[in-house]
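Let me begin by handing over the structure; questions about it come next.
Chain nomenclature is as follows: A, B and C, assigned in order of appearance, with residue numbering initiated at 1 for each chain independently.
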Amino acid sequence: MSMTGTINEHIVASRPASAQPDLRLIEVTRRYGPVTAVDRVSLDVARGEFVTLLGPSGCGKTTLLKCIAGFLAPSGGQVVLRDEVMNDVLPHLRNIGIVFQHYALFPHMTVTDNIAFGLRMRKRPRAEIARRVAEMLRLVRLPGFDRRYPHQLSGGQQQRVALARVLAVEPVLLLLDEPFGALDKKLRVEMQIEVKQLVTLLGMTTIFVTHDQEEAMRMSDRVAVMNGGRIVQCDTPAEIYDHPRDLFVADFIGSSNLLEARIADGHGGRRRVEVAGVLLDLPASAISARPGEVTLAMVRPDNLTLSDMAPADHPAWMGVVSFALHAGSVMEYEVVVNEACRLRVSRPRRQAENTQVWSKGDRVAVSVVALDAVRVFPADTALGAAAPSP
Amino acid sequence: MPEPTAVTEATVAALPGRHLGGRVGHAAFWIGMWAVALAALLYLLLPTLIIVFASFTAGEYITFPPQGLSLRWFVRLLALEEVRVSAWRSLFVAIAATAGSVVLGVAAAFPLVRSRFVGREALNAFLMSPLILPSLVYGLAALLFLSAIGVPLSLPVLILSHVAIIVPYVLRTTVASLALLDPHLEEAARSLGANAWKTFLRVTLPNLLPGITTGAAFAFISSFDNLTVSLFLAGPRVETLPIRLFAMINFDLDPAAAAISAVLVLITFAVVLLGHWTVGLTRIARL
Amino acid sequence: MPATLFLLVYFAVPLGMLFFWSVRARGVPGLTLINFRTLLSDPFFLQTLWLSVRLSLEVTVITLVLGFPLAYLYTRLGAGWRLTILFVTLLPLLTSAVVRSFAWIVILGKQGLVNTVLMGSGLLEAPAKLLFTVDGVRVALAQVQLPFMLLPLINALEQLDPSLEQAAVSLGASQARAFFKVTVPLSTPGVVAGAILSFALTISAFITPAMVGGGSFIVMPTLIYQSAIVTLDWSTAATTALILLVVALAVVWGGMMLARRFRYGVEHA
């Protein structure tokens, strides 16, 4: 497994025919004096793929976006778009569409003029422009809005105009810079679905930047988790969730229980690991630490289940429920095993089989649902340095 | 680490047009912008530098470049009695006027920011109006007014008229500072037991100080530099430094005038520096 | 509210006096507009008024053209440059007009900088007359007023969302086109604000035209000064001042109307 995330195998596995990647980032680096904002990032994006750059503020995702767009020149590496090296090309000649965080609609132009802008820059004939604008308005479901001004539109409508404006010129690549930040939750989810459907329909290669991991998981074909200027892991959302490569990814995506672990023994494809006092039998591939290193085990709350007594063949922790919360569709529990070990457990409230509900003070046994989804990391990779390959 | 063989794989030979395209226009645009901008910067800066430089002349009259360098004219300043007198007078007027405007300005700022009453906007505009009204017109108007009510021109009168035109400076910055001040700070102080006066002294005022000082600095300089209004209202025997300077320049090009100018520039320079260290120039410019 | 009271007495009332004096004339009982009629039918007066207006317009345009690139670059450069620009702008702004006009006398005089350079390099035989001319005053005035134009421009351009220009570029506009099609139109309100201020200040500038223009160079403020202090004809002085005020206010009002038309309901970043 490679370190920085160029995962050609995944592309081959999940995408049909089209051979050459649409966008290649080759060791792209961007420095500001002593600070390295983007550190040798390499990434291949296939045509029509939707890749999200996900990470906390300051991880370099916006800087990387600007390098791709051409507003910043990389200090090193290359940006290659459809087999053409873009480093020297001025941003207005790259034919890359960008939707900005606050949409950047031209306030002094009508919706029509906004959408037509790119076409006018390319000197298309009037009739064609008119036709295309109408087409775009239909596409984003805003017919009849042609004469309005941006300040007369709601947030969601502005966003759709921003999309229409960008799609009108049929860009080679679409860049979306945290476009849903300004919308409220419900509208956000609606727009996420709408935008994804739209770009899929058009087969548009898309790079999406966000710090919201739910958004990333929901929309992307692949997610590139970034930290400190590097891509730490780039995989499908399911892979990232189930098999995070290191502690940073495990902690950043979803919630997790991090428990003291000690690799006891094992051979072949399995290891026995003592996790907070309980011996678990895990596949060797789940462990990315060397023997003798201090390690932490990661178990997701939804990967734990409760029972009154320890099940016969499953190792379990015994503890007392310290709180039980009705959080919408799930029950969230905290079970205190001992001072050093408090387990978060999340169970759905309604399910086919009978789901028991526990309350504060109950004695319970906590066991792992899927051992394969437990991961063991070296304890000092919390800062996100890539783990060494086993 | 993936091998950078991708570099050799990528087709580097794209249309040369794309890579060179737009470069000429791009360069031309930025060169044009920079050229005009730098010209503007020089245009702004040079005259001031020139006069300061010229004041170090060793010759008898002002030339550029100066004939030799010396401090003789600065020394001469100290000997010229009219200059000394007018300088002190200007200083006195400026300090008094600034003090007055600070008191009035700060007092006026509170109701403007804190209370709501009908005509608040109008009052604000009214109190700021001296800023846009030509000082020339004001000077004349004040002259007419004073003669109508029979008050003779004198130093106190001059000070009062300065106050009238510099209050807006203090008001503007104080209002801005006050508007940014978190009212919760005062509430917290009151809830902890401080009475109104103590709260003002220990909580409000210290936080307003940068704004007030900036305004006061602007006010001071405006008063010290003021010529137009002073010309109208100073009266025959009350001479401020700018008036003295004006006379010196109009009647003969005395290098001593250049020396005075250099000193004034130095004072301004010091004030701007002070402003930067206390408040920061960017905030001042925004006011 | 002592401030209000003070300003009312000391500021508003004097202005009222102005009005009062302009509508009274020597030898004519009661209120009259005769002063206005006299002045406005005097060709010399009209000539002076026209000179003032024209000069102020020219200076405003010059400062706008010179100032805009500097303000634009200000928004695109780092802290070091910004500080320098602000410093270089604030220093002349706060320096007395007397000092600054004096500097121009030194620059434009027969033995001043310009002439020394031109003669020294052989481009001129005899010193050119730059001082005491309209052109000289124009150049000097433009420099004196430039800071007043620059600050509103900087404020206006700073409030523009930078992603607007980036959006234009990403859609295919070259830097220059994005500048002219997006940045310039959207900065219009700020430009107008600066222009109004600049015009109002320039048309009422007394010191610079007096010093750099010399005794024979008359603009409206000079007229006012002469009537008030030299000939002691306070009626004329007051009337002239009022006419000046009206003209200045007319331009300000016109400018504000213009600015309103270009509002666009712009959202500030």
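Just so it is clear, a residue touches a chain if its C-beta (ideal position, glycine included) is under 8 Å from a C-beta of that chain, and two chains touch if they have at least 3 such contacts.
The model shown is predicted, which means the values in this text are computed figures rather than measured ones.
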Chain whose averaged C-alpha position falls nearest the assembly-wide average: B
From chain C, the most remote chain by mean C-alpha position: A
Averaged-CA centre spacing for the pair chain C and chain A, given as whole angstrom: 56
Between chain B and chain C, centroid-to-centroid distance (C-alpha), Å: 17
Separation of chain A from chain B, taking each centre as the mean of its C-alpha atoms, in whole Å: 52
Per-residue overlap in chain B, given as positions that touch at least 2 other chains: 22, 26
Multi-partner residues of chain C (each touching 2 or more other chains): 174-175
Junction residues of chain A, two or more chains touched: 90, 92-93
Contact set on chain B toward chain C in their complex: 22, 25-26, 28-30, 32-34, 36-37, 39-41, 43-45, 47-48, 50-51, 54, 62-65, 104-105, 107-108, 111, 123, 126-127, 129-130, 132-138, 140-146, 148, 160-161, 163-164, 167, 171, 218, 221, 224-228, 231-232, 242, 245-246, 249-250, 253, 257-258, 261, 264-265, 268-269, 271-272, 275-276, 281-282, 284-286
Residues of chain C that touch chain B when the two form their complex: 1-4, 6-7, 10-15, 17-18, 20-21, 65-67, 69-70, 72-73, 82-92, 94-100, 102-107, 109, 111-113, 116, 142-143, 146-147, 150-151, 154-155, 174-176, 179, 197, 200-201, 203-204, 206-207, 211, 221, 224-225, 228-229, 234, 237-238, 241, 244-245, 248, 252
Chain A residues touching chain B - in the complex, by the definition given at the top: 2-4, 6, 24, 26-27, 42, 78, 80, 83-85, 88-90, 92-93
Contacting residues of chain A [partner chain C, same complex]: 69, 71, 90-98, 100-102, 104-108, 117-118, 121-122, 149-152, 165-166, 169
Chain C residues touching chain A - in the complex, by the definition given at the top: 161, 163-164, 166-175, 177-178, 182, 185-186, 262, 264-267, 269
